[in-house]
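In what follows, a single structure is set out as C-alpha cells and then discussed.
Chains here go by letter, A, B, C, D, E and F, matching the order in which they are written, and residues are numbered from 1 within each.
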C-alpha cells in the first residue's frame, strides 16, 4: 500500500493556499477501513440554545488547518509516520431535524469505529459529542477528559427539552456511555443558572477543575490530575473551544471571559500522553463570530495536538497487539 | 388617553444612542389592546437550511431603528399622528423545537389580531411568516405582496421535511391561508434547484415578477401590477430582506446577487398605498453576517415605510367605520 | 413587594437573544427608591481627546450582558437574592455640551444616592466619573480603587482645558471628592507625556501599582494592597476597560499594550470583598472599535463581578443597620 | 519655480503603498502662498449629534487617496498640469472645545484664502463647513451646491444648542455667508423630525432636489438645475458623503438608505464645469464605521473630481486675469 | 460512463455548508480528458503592483460557490445537463517566482486544451490571463471580451518590468495571442497615469467601452457591440471583478468607484450567447479585502453565468460536429 | 541646530489623529546625516510564501504609532532627549522584482549606516532583514537577538528558491553577515516541515529558546540568556511580530498559536539594556489580516521600546567617544 497517500500535501512544495481545503491537507478518503485515524466534520448546530454558527465550523477549520506542518515542534515526531490518517468528509447532518441528525452522526462514527479506525471529529456544537460517544462507547462506558467553560450537564432547557448543547453529558451518563468516576472537566467558569447541575455532577463522582483551580495547579498539575482520573481505561477527549479565553477564541457561541490560555492548553494536552484515547472531538467553533479566522486556526492546532496523541495511542496499541 | 405614550423618544432632545433600544424608540407595551399597530420581534431561525442568524435579527433592527425619525420624508405624514404604535416585545420562540415555535409565534400574533391590532413582525427567518399568516388569515385566505429573491414554495427539504424557510408559502396555500390568485412575488432571481417549484407556483395562478421583469417594468409598473393582483381584499405584506441586492443587504442567509435597489424598494412600497394591508413582516435579517449593521438599518427603514402604509390603512378603515 | 420583579429574565426559559436588551436582562425601572442597586448607562464621550465612541458603550454592554446568568460561578451566590437590582435607563447627556452633561449626569446619580440606592454606572468616557463622584461623595470625600492604564490625573489638555477624560481625578481631588491617601491605581502603564502628572500624584499620597508591580505582586497581593489603601471608609470603584490588555478589550479609545489579563482582574475584584463600596463605574467601552463585541462582553462580566461586590456590601450594611 | 514639486508621487515608479500618506501623494507644504489649490484636513467632529468618527476622516482619506492617478479618465486632463496643488496639513482643531475649533478652522482657511489659494477641505463633520464658509465668504455671500441626505438647516438641538452638524447652513445664512437664492441641495431624503426646517428653507428661496426628484431628472438634469441656481457668482461646493447610498459609503454617522449612486455623483459633478467655484469640502467620512475603507476611497475619488473642477476654475480665472 | 459523477452535490439533500469546498460542489477530477469544461484555480498574485491577495481567490470562490444551484434561473437550463464539468484543482503556482509561475499555469491550461476540454480559470491576478491565453490561442490568435475597470495594456511598471497585472494584454498582443481588432473592453474608468496606454490601444484597433458609454448604451447595447467586435471566431472571455462597482465587489486590489452593477453584468453576459467562447477566466478576487465574502459570492455567480455560456458553446460545437 | 525639530508632535497640544501620519509623529527628514537614529519603512513582501500583506505594514504602523507618547513609562527617559530621531521615509522597493528590491533596501540602509546613523526598519516581510544585515554588517559579522515563532533558517522553498521570508538568516550566515555563535532565537514554536533546519541551526552553534523554555525561564531568564549569547560585540535585533501570540498580533502572515505575551516581550526587551545594538527591525505586520489595527499598535509599542534601547546605545557610544 502506498503510505504517501495519507500524507499532507507538502507546503514547502505547494503553497498552503492552493487547492481545495481538506483537514491538514490530507486526502479525502471514503472508506474508514483504509485508515487508522479518521478526521471528519460534523457541520451541525442543532443543539445550540444561543448564538448559532458551528454548522460552518468544519469548513473553516479545514481552511485554516492548511497552516499546520507535518511534524510536531516539540516531540519532533509526525503522526503521519506513525499511522494512516485521512479526511473522511463530513457526517450527514440535517439543520432542521435534531434527532435524525443525532442518529446519522452516530451511524457515521459507528462505521469508523467498526472499521477499526479512531474517530477525530471537528464540530459542530457540543450535542454532537453525544452522538459520537454512542459510537465510541459501543464496547462499554468510557472515561472522558473534557475541556470546557461549561459543564454541559444540564437536565433540560426551554421547558423540558432534553437534547441541547447544554445537556449532552447528562444524557451520555444516563445512557451508560460515560463512567462518571473517570470523567474530568477542565476550565469550568463563569456565571451559572443555579447550583443544581453542579450538585448533580458532584453526586456522580465527576472531577471538576474550575479555571481558578487550574490556575493554582498549573498545566502540569492539571494534566496529572486528568491522567489520574481517566486511569488506564479507554477514554474520550472532548475539547470545547470555549474552554479557551475568548481573546484567543472569539468564534464561539457562548464565550466566557477569563479562560485557558493556548500555552496552558498545549502543556495540558502534551501531558496526556499515557491516556488510552479511543476517540476525540473539537467542537463549538463558530465562523460567523470569528471574523479573522483565529479561532479556527487555534482549533486546527489543537486538533493537531490531539491527532499526535491519538497516533501515539494507535502505535502503542499496535505494538501491544491490540 | 395619552397619545404621547405611543410616540418615539424625540432624537432632537435625547440622543439616538441613549437608552435601551426598542423598535423606533417606541415604548414597550404588553397589552395589544392598547395599540393600533403592534411591532414585535420573532427571534427565531429554526427553519433555516443554510447560514443561520436571523434569531438575532429583532435585536439588531431595534438598535438601528433608533436612526428613524417620526415623520415620513416624502408624504410629510407621521404614522404616530394617525394611530397608536408600540413595541410589543418578542414572540416566544424556541431555538430547539420547530413546531412548538411555530405554535407560540402564531399564538402571539393571534392575540394581537384578536385584540384588533395590526401585527408588524420583525423576523426571524421566513418560516415565521407561516405562523404569522395563521393569525392574519383567521377570517379567511388573504392576498400577499411578497418581496423575495426566492419563491419559498418548495415542497420539502432534506428528505421530506415539510417545514423550512424554503417552504412556508406552499404550506400556507395548502392550509388555505393564502388566496394564490391574489399573491404576487417580486424580485425572484438566481439559480434554482429545478423548475418544479415554478411549475407548481404557476399552476396555482401566482403572479411572479422576476428581477429581470421588475427592471423592465420599473418601480411604478411593479407597484401597479402588485396593486392589480392584490386587489381590494385583505392583504399580507411579506418582505424578505434578501430581495434587495446583497451589496445593500449582506446580512442575510441566502444572498442572491443582482437584486432590487433600495430606491426601487421605496418607490414600489410607496406605490402600494391603496392596498388593504392587514399584517406584515420584514424577515431574514442575519446580524452575524452584517458586520456594519447596514442590513438592519435598511430593514428598519423598510419597516418604517411599511408602518406608514399600515397606519394609513388603519386610518382608512377607522374612517370607513371598519 | 414582588421580588421577582427585580430578577433577570431566565435564559433557560427565554433565549438570551430575545427581547429588548437591558442590563443583565433586568427590568427597566424609573424610580430609584424601588431598588437597592441602580445600574444605568452614561452614553457620553464629551471628554474624549482621541478616538471617540464610548457614547455607544451602554447600549452594547446591555446587549452582551444578556450572556450573564444569575448566580456567581465561584461564590455560588446571586446578587439578585441579596437585594433589588434594576436597569434605571441612561443618565441624560448631551454630545455637544460638556458642562451641561457633567451636571445632568451628576444630578441623575445624585437622585439615586439620595434615594438610598447604590449607583453602578456603565460609561461613557472617564470624565463621567467626575460627575458620578460628585454624587457619591455628597457626604464627604471617598476612597477609590481605580483600574486603568492611565492615571487620568493631568492638569489640562489642548491649551488649558481642565475637563477631559484625562483629568477627572485631578479635578475630583481639587473638588474634595476623593481622599487621595485612600486612592489606589492599578494597572498603570505605557508611554507618558512627561513625569509631571506622576509627581503631582505622588505628592498627593496616592498609591500607584503599575502593571510591572502588579505582575510581581500577583492578583492576591494587589487586592491586599488595594484593601489596605482603601481602608474601612466609603470607597468608589472605577474600572476603565483599558486597564485590561487590548487583545481582550480592543474596543476602547486609548489602548495600551501589555495590560491586565481577565483572570487577574477577576482575582483582584474577588479579593475586594471587605471594602465598603458605595458606588462604581465601568467606563471607556467604545463599540465602534469593538467589531466582535468582546470588549462589551468583558465589561458586562466585570460589571457583574462588581454588582456581586456591591450586593454583598448592601447586605452587610443592611445587616449592620446602616 | 519647480513645478514638479507639486505633482503626486508617480505610482508607476513608486508603489502606492509606499511612504507616509498625504492627499493624492502630494507634498506637504506649509505656506499657502506657494500653491493655487490647498487641500487640507479638518480632523474634527465636535458638532456630531449621533455616531462620532469624522475626526479620523482626513487621515483615512489621505491613505486611500494614494489610489488616485494624476490624469482624469474622461477629460484626459490633469489638475497638476493646470495649477499648483499641495497638502497643507490639517487645520488646528480641538476635540473638547467647539467654539475654539470653529475659530481655528476659520482662521486656517482664511489664511489660505488671503494668500490667494483655493481651499479644498476634507472633513470632519458638517459643522466644519460653517467655519470654512466664514473664510470663503469674506468678500460677500456665496452660492452653494450642497450634496447631502439632510438639509442641515435645523435651528437648534438638545435644548437650544445652535452649533451642531445639523445646523451649519442656517447659521451661515444668518451670518450672511450664503445667498440662499443661490443655494441648491441635492439628494435630500429620509425620515424627518418635523416639516419646520423644510418650511424655513423654502421661505429662504433655497432650491431642494430630493432624491426622488434627482431620480426623475437624471444626473444631467440635476447638474443643469444646479448650474442654473448657482448662476455666475462665486460658489461653494459642499459634499456630505452621506448623500451617497450607504452601500457605497457606510462610513458615516447618519446614513440614510436609498441615496445617490457614485455614477450619478460623477455625472453631476462633471456637469458643474461652468460654475465659478471658490472653495469646497468633502465631509462626514467616519473611519470607525468604514471597516474596509470603501467610503474613504469614494471620498478620495470625489475629492479628485472636485479638484479637477477647481483646477479648471483657477485656470479660467487666471486666463481672465482675475 | 456515469454522468452523475459530474453533477454538483444536491443542496436540497446535503446542506451547502457540508463537506470540503469545491467549485460548484463538483467532484475533483485530475484528468481533463474526462470532462468537457474544466474549472480550476490559479492561486497566484505574482503580478500585483498594489494591494495583494488574489492568491487566496480560488479557495474563497470555492467556498461561496456552494451557494449556486444547478439550474440557471432565467434560461431554466443546467450546464450539467449539457456537458461534463468538474473541479480540476489548482494550477501549480509559485509565490516567489513570476516566470516559473507563468510557465506552469500555461502548461496546466495547455494540458486541458489539448485534452479537448474548455478551461474556466478562477484567479488569481490578471497576469494569469497571459498564461491562459498562451494555451487558449495555441491554434492562432483569439478575440477577447474583457470586463475591467482598467485596460491592463501598460507597457511596463517600476522601471521597465514587462510582466505585471497591468500589462498582460499588451504582452498577449505582442505575442500574437490576441487579434486586437476582435478585442472589446467593457467598464473602463477611473483616473489614469497618462494617455499613452489609451493611444497605443486605439492604434491597435481595440474597441473600448468606458463606463460612461456603457451607461448610455445600456446592457443590451453593450452586449450587441461586444458580439459585433468578437465576431464569429474563437473568443476568450476575461472577467476582472474590479469591473464591478466596489460596493458590490470590495475584495479586489485596485478598486475603482462608479463601476458596473451586477444586474448590468448579468444582462451583458446573457447577451453573449452567440459568441464562440473557447476559454474564460474570472480574476482579481482578493479575500483579504473581502471580509464578508460578498465579492467571492458575486464571482461565483459570474463564473456560473460564464459556465452556462461555455456549456452552450460546447453543446453547439458538438452538434456542429466540431 | 534646532533639537526640537526631531521631537514628536505633542499630543497634548495637537490631537493624535491630526496631520499626516509619520513614525512616532516625527518629522520626515531625507538626509540621514542629520539624525542619530533613522526610522524607516520597508513596504515589501516579495519573500512571502503564504498570506501576503506586509507591504502595507509601514503605513499602518505609522498610523498607530501616533498613540505613543514621548517618555518611556518605566525608565522615565525619552529617546528624544538622548538623540536625534526622524522618519526617513520608505526604502525603495519593487513588488514584482525580488532581487532588485533586496538591493535597493540594502543600499538605502547602507546610506544610513555610512552616515553614522542607526537604522530602525519597520517591515515588510522577514526577507527584508537580509538586506538590512548587509548594511548593518558592513564592518564584519554581527550577533543577533531574534524574536520569532519560526527560525527562518530554511535552505530553500518551492523547488530550490533560496530567497524567501523563510530563509533570510541561512543566507545571512552563508554571506558572513551573522556570527552564529552570537545568535539567539526567542519564541520558536509550532509544527515544522522536518527537523533538518533545526539540525543545521544547531550545527552552527545558534542558541534557540523555544516558547516552552521561555515559559520556564521567565522573561528575566530569557533576557539574561540573550545578553550572554550576544556578548559585548555589535548586535542586530530582529523582531518578527509573529513571535507574539496571535490573539495579540493577528495581523501577520504565518500566525502560530501559543506565543509570547506582550508583558513578557516588554520585560525581555527591557532586559537587553547592556547589549550593543547597532541596528534593528520590526517585521511581518500584515494590515490586511489586522482589521482592528491592534497588531500595528503593538508593533509601534515594540518599536518604541527598541528605539529607547537604541537611544541609550547611541548615548553610551557617544559618551565612550565611539
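List of remarks:
Simple rule for what comes next: a residue touches a chain if its C-beta (ideal position, glycine included) is under 8 Å from a C-beta of that chain, and two chains touch if they have at least 3 such contacts.
Just so it is clear, the model here is predicted, and its values are computed rather than measured.
The set of chains in contact with chain D as well as chain E comprises B, F.
Among the other chains, the CA centroid farthest from that of chain F is the one of B. By count of C-beta pairs in contact, A-F exceeds the other of the chain pairs A-F and A-B. A separation of 56 Å divides the Cα centre of chain A from that of chain D. Look at where the CA atoms of chain B average out and do the same for chain C: the two points lie 41 Å apart.
In chain E, the residues touching two or more other chains are 15, 17, 49-51, 55-56, 94-95, 157-159, 245, 247, 289, 291.
Every pair of chains in contact is given here: A-B, A-C, A-E, A-F, B-C, B-D, B-E, C-D, C-F, D-E, D-F, E-F. Within the complex formed with chain A, the chain F residues making contact are 49-51, 154, 157-159, 188-195, 198, 210-212, 215, 245-247, 250, 254-255, 257-258, 289, 291. For chain B in complex with chain D, the touching residues are 10-13, 15-17, 67-74, 76, 245, 247-248, 261-263, 265-267, 291-292, 294, 297-298, 301, 304. Note for the complex: chain C touches chain B at residues 14-15, 17-22, 28, 41, 43, 55-56, 58-59, 62-63, 87, 89-90, 92-95, 291.
Remark: chain E residues 45-53, 55-56, 94-98, 157-159, 161, 163-164, 288-289, 291 touch chain F in the complex.
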